[in-house]
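Report on the structure given below.
Labels for the chains are A, B, C, D, E and F, by order of writing; each one numbers its residues from 1.
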Amino acid sequence: MSNKKGKKKKESNEEKEEEFIRIDGRKPDEMRPYKIRAHILRNADGSAEIRLGGNWIIAAVYGPKEHFPKFEISQDKAILNCRYHMTPYSTTERKSPKPSRREIELSKVIKNALEQAVVLEEFPEMSIDVYMEVAQAEGSTRVASVTAAAVALADAGIPMRDLVVGCSAGKVNGHIILDVGEEEDKEGEADLPIAIMPNLRKVVLLQMDGKLTHEEFKEAFDLALKGAMELYEEQVRALTTILKDMEIIEEGVKDEKE
Amino acid sequence: MKKNNFKKKTLKEILMANNILKFIKENRRLDGRGFLDYRDLRIDTGVIKKAYGSARVELGDTIVIVGVQFELGTPFPDSPDKGILLTEGEVLPTASFSAEAGPPSEEEIEISRVVDRSIRESEMVDLSRLVIKPGESVLKMFIDFNIFNDDGNIIDAAVIGVVSALLTGEMPDPEYVREHLEELPPNNLTSVPRIPIPTQDFPIANTIALIDNKFIVDPTFAEEMVSEARITITHTVNNEICAIQLIQGGLGYEQVFEVLNISLDKSIEIRNRIRELLGLGGD
Amino acid sequence: MSNKKGKKKKESNEEKEEEFIRIDGRKPDEMRPYKIRAHILRNADGSAEIRLGGNWIIAAVYGPKEHFPKFEISQDKAILNCRYHMTPYSTTERKSPKPSRREIELSKVIKNALEQAVVLEEFPEMSIDVYMEVAQAEGSTRVASVTAAAVALADAGIPMRDLVVGCSAGKVNGHIILDVGEEEDKEGEADLPIAIMPNLRKVVLLQMDGKLTHEEFKEAFDLALKGAMELYEEQVRALTTILKDMEIIEEGVKDEKE
Amino acid sequence: MKKNNFKKKTLKEILMANNILKFIKENRRLDGRGFLDYRDLRIDTGVIKKAYGSARVELGDTIVIVGVQFELGTPFPDSPDKGILLTEGEVLPTASFSAEAGPPSEEEIEISRVVDRSIRESEMVDLSRLVIKPGESVLKMFIDFNIFNDDGNIIDAAVIGVVSALLTGEMPDPEYVREHLEELPPNNLTSVPRIPIPTQDFPIANTIALIDNKFIVDPTFAEEMVSEARITITHTVNNEICAIQLIQGGLGYEQVFEVLNISLDKSIEIRNRIRELLGLGGD
Amino acid sequence: MKKNNFKKKTLKEILMANNILKFIKENRRLDGRGFLDYRDLRIDTGVIKKAYGSARVELGDTIVIVGVQFELGTPFPDSPDKGILLTEGEVLPTASFSAEAGPPSEEEIEISRVVDRSIRESEMVDLSRLVIKPGESVLKMFIDFNIFNDDGNIIDAAVIGVVSALLTGEMPDPEYVREHLEELPPNNLTSVPRIPIPTQDFPIANTIALIDNKFIVDPTFAEEMVSEARITITHTVNNEICAIQLIQGGLGYEQVFEVLNISLDKSIEIRNRIRELLGLGGD
Amino acid sequence: MSNKKGKKKKESNEEKEEEFIRIDGRKPDEMRPYKIRAHILRNADGSAEIRLGGNWIIAAVYGPKEHFPKFEISQDKAILNCRYHMTPYSTTERKSPKPSRREIELSKVIKNALEQAVVLEEFPEMSIDVYMEVAQAEGSTRVASVTAAAVALADAGIPMRDLVVGCSAGKVNGHIILDVGEEEDKEGEADLPIAIMPNLRKVVLLQMDGKLTHEEFKEAFDLALKGAMELYEEQVRALTTILKDMEIIEEGVKDEKE
């Protein structure tokens, strides 16, 4: 339905950015509303929840802990296990709870992203488990998941070189757009999910499908970076809130002791 | 973080378990509740916009999310005039240090089947209203529940979640589907107008644990770890029993009737609490 | 087909128990014919067979024995493994040999029942395997299986606090009945399988589905207890027979030695 | 029970294995049989009332139960005018200390396939008589066998069980099914009148083991443990070979012909014994 | 063979890895190549006579075989006017000491999906030409590739293999199938006349590894073992990017553009080399 | 299509052998063209490739190497793992890459054949992996596979009592034939795959299906032996070639050293 609108607007580069209105009413460089909350599950060593538009993802971290079975142990660093998983009701058509090939691939690229940040060398022979459960999916779940997972790791007190934060850009009706929604992913011409370590300025997750010229790629990449930096602020906010809560609790504990 | 903290959860649980026993012997519970008190209950419905019905339930620190979805299906040969009801649940690996990813464990299968029986045997959903063409085409209702945090008493929380999702949920209008079967895109019911799910009653499951020969309701994860027996009883609105599962341990003959009486009282209390929280008329 | 008969007879509570005749001609409180034989398989450490109406179930016990893999070992008691399994030809429609969710659930509740009776503390770091194979199913297989399994455990010489014996009751056409048959399970209003430790007077398996008032439950429960006590006599008989056989053999051995 | 008894079965087997070798060297067998003697054979048919055909076979202490069942199916594209025959077997975990629950092992798959080939290649069942509508609908015959106790020579016992179940079994009348296809409840053939299974001949499988360079028939579990080679040969009623499987070890070229001759003799003997036990006319 | 040789491969690799680092620091590669040089490429097409298209590719010591097959299928509901394309790959256990038999590992799934995306997103195959009857019947194209020997850079080799098999392959004539659908034997298209696979363009994937902060193309197995980062970029004939996968490690923001430029150059070079080897006209 | 020709020729035993022409033009006792090459994969410890008519099979050997998991270890000899596997494109209809029951059975009988030849006692607690991948199948793949696997084992320098070489015979239209092709297997009356240790004169793989009289079996068996001996020559040739190559290389190494 957005096609008609989009095609009409294909004009000069400057103009289009101003005028192109996306299927959900967003401007090309506009994120969907988002919110991150840390420390939302009582049992996990660390946890976080992200809402990004209709996406709702819950991440939990267990560990570091002894690794089983023994013969898989890594002598010089911890093993990081990652699972990206969609609940059956997260999609319009019911999803079987059994991991699909897509979920296995995404678990693997997310693991690589987080491995760059976590100081695994501090925990030889241990393992750290990171679980991301998609309660509702609405496009760009993998970058939202890695963003929540990084907050959960920090919440668990796991030493990290930097946070990891993800965002996507894409191309729809000839326009480069930020934070690709579900319809845009299906109907659009390209999808570019990235995740970065924002302070170390490193890309740790990078995928693309569709078609982009090198120029379009640059535009999309820069837009995704911008979006990631915006979400990074939200990560920091969520963690600061928790830290304050903890201080209050700790002070309470001190008061009690004295 | 210190290294001797790595197994902290497990240790914490063990320490807690000792306390629980000590407390119960003193006729107290660790969290201050009476033996027959439920924890705080919170219900949010409609939390999954993509589902036809959904709910998020917090029972103390136990968190469950339920989603209800519909597909077209073929009825079972022995019940051509009934829709299909499928209830499946998983304890997500986020839920506790002991929950694991992978195919469902025997405990998860048991939980799923007890929740399924509670809903099915109570005849809460009028499955005859899910028929498109008898013997040929019916609506298949998937009820999926996931435990995101397990602080005990998963089954009670899951049944609360399922009934809340069903009471507030919708389904594709079978009348409409029947009339437009040819035109509908294959296996895509999103364009079909919706009607409320035809529910007739709602069951309540109550789990009772035996610790130091005393019965407590709504056990926490730690209380479950030290319980000598655990049983779940589901009652209909007419105070009939519609499902029982002795989940763990054994009970004396007389104790069986004791737990039945406790669970009946509790089922009435919790049913009213749900009605209140969902804004339904009381009885 | 039993419906017509059943509905006609729905009269006062006293009368109905007298007059209600079940689909297979039984009275409400009548068991199907049954027979238990112990020690029927040569290789197993213990074994037994039960016939209860058309049900035919064979149970075998292996152990106590070393448990593998090592990291699963329990330091303070033996691990009890239980498998309730239906053969492909046990049901009218062929059953896949792969365990169904139903079989997994029943294996679990049967394991719980037997764990209450077996003195697992005597065999730390060991495991005991109990296998129940349903050769033919005709209603109430789970309680027949646990009954056979207990005899097989005793036959294996495994120390037990008490035997375990199971029986079912149910409700058909408004009547509470003992020992639910296959048709009665399908057409009836409720099914109540139980298993008990008859001397310790403990219920160790208790399930119900269908609908029962509290009064009906009491009636059904008492009926099931009565049936279980009847089957317990048969368990004892089967084990005594074996014991006598063994004594004869042992005496034979002694004679040889002398 | 003493703790040093826990691995008793394994030890017993090892001790027995030593004895077997010693005995065979002295031209004897542990159970007193001659090298070319089968153990006692007992056949009960019709033991599973729910099956269309069934048998329970005891060959010494080896116990097998066989059930035959029918469903409607679609023929394979390359044989539109033939019914479908599926033979599957499992060694149940009750059978011996080494049998395991779980998906079939490579040994179990081999056994199933050898039994299947013995039945299939002998053309014992006239599959053309299982057709409802050529290319569209046929009867699918499931033959399932289970080893409840394994004291060796599973394949011979299983083939005896399968042929006994087939010879005494029935099947839904394809004529009737053809005429009432529309009215029949889906996948439920219980109401269909039955006719005998159309069998033409029956094969016999004979397993021969090589121990200390001597051939013995019908090996026990313990004899199998020490055998240098083991081979199964199946013969038709016309003394044709219809299946061979070298299951273990190797044979000299001349030994191949030696085992063929032994198995031919034994196939005639066992076939007659089955006829006798089933009360069929001898040849 | 001496016993201290048993883990020789692993040791060899470790030693090699040390050398690689040393060499790269000296701006050299162990096999004498420049940083931006591909290894020798050899392509044989039509190697699998049973397949509709096939190729065997050697990229240095990496060996891949690709086969393309067709079946009749039903289109996906959301694309009724498109044929189905399925790409699956496995690293066979023959390929290296670390490859394993069994269900595909997460690495194998990733490789399959990257190759699939390279082909799919480039729109190399005109899937609209695989339709028999829109919404009802289409050709299903299976592309299977297997790594027989893994000396690194599997993805580039696999994409070369797939495009070679597609460029030289055939498919059943959909026109003919449409007209003879009733007469065709079920699921057997061997009798159908064939036409070339309708390809429009062909993509090239280039994998670039980062070692000691230097970029090298076409990494060997040993080079992959010591690389800090590895990325695959696929370009269309119009120099558009159609797939990217950061397979391992991380890259600085500027490095992303560096690898994009390298891969564009290399894609043009390799595309021309394939055209040459397959005897197609250059651009 | 060969049926017509075959039936016409059914005459006296002597004549028929001379005149029967097979579907692919071969004489009854004629092998398809074949070629074995050893040492074709760089990574494997040993490898070989066989082409036999349209069959194309690649075998690789890894080991001896430490065996995992530890509790499966054999104290007195190496464990031999064998996998016979068909690639998806090896058959006219696409084959799922998941091992079928047929592939599992053939892996087992091939393992038994190779176990007779490999001196497993030299490598206690170790394992040796043999992988056979069928790139194209055209009848008699199992015997071609075991033939290639034996060459790969020799190429890996694994000590063997003898080579193992396989060949098939069969019966088509009443004629006993050598080296059964795919069509002949489907249409024929019997198939007899064998594998032998040619110098020790032992049969180590022997299967049959179809129907054969004892006389026909003898004829077929002798024919298969003849075929196997012919392929054995090719095995030796392939290994000698490799040996020569190695010597050249080793001399080269010596020259360099001096």
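Basically, a residue touches a chain if its C-beta (ideal position, glycine included) is under 8 Å from a C-beta of that chain, and two chains touch if they have at least 3 such contacts.
Note that the coordinates shown come from a computational prediction; the quantities given were computed from them, not determined experimentally.
*Asks:* Please state, in steps, how far subunit F lies from subunit B along the shortest route of touching chains.
*Replies:* 2
*Asks:* Quick check for the class: compute each chain's Cα centroid; which one is farthest from the centroid of subunit F?
*Replies:* Chain B.
*Asks:* Can you give the whole-Å distance between the Cα centres of subunit C and subunit F?
*Replies:* Subunit C and subunit F have C-alpha centres separated by 53 Å.
*Asks:* Determine the centre-to-centre distance between subunit B and subunit C, using the mean Cα coordinates as centres, and give it in whole Å.
*Replies:* 29
*Asks:* Averaging over Cα atoms per chain, report the distance between subunit A and subunit D in Å.
*Replies:* That gives a centre separation of 58 Å.
*Asks:* Subunit D to subunit E: how many Å between their CA centres?
*Replies:* 48
*Asks:* So which bits of subunit D are touching at least two other chains?
*Replies:* 187-188
*Asks:* Residues touching two or more other chains, restricted to subunit A: which are they?
*Replies:* Touching at least two other chains: 69.
*Asks:* Where on subunit D does subunit F make contact in their complex?
*Replies:* 106-107, 109-110, 112-113, 117, 120-122, 231, 236, 239-253, 256-257, 260-261, 264
*Asks:* For the complex, give me every residue of subunit B touching subunit A.
*Replies:* Residues 1, 6-9, 47-51, 54, 61, 63, 65-69, 71, 88, 90, 92-97, 101, 103, 142, 144, 146, 148-151, 187-188, 190, 221.
*Asks:* Taking the complex as given, what residues does subunit D use to touch subunit B?
*Replies:* Going through subunit D, the ones touching subunit B are 185-188.
*Asks:* Name, in rising order, each residue of subunit C that touches subunit D in their complex.
*Replies:* 41-45, 47, 54, 56, 58-60, 62-66, 83, 85, 87-94, 97-98, 126, 129, 131, 133, 135-137, 157-159
*Asks:* Which residues of subunit D touch subunit E in their complex?
*Replies:* That would be residues 77 of subunit D.
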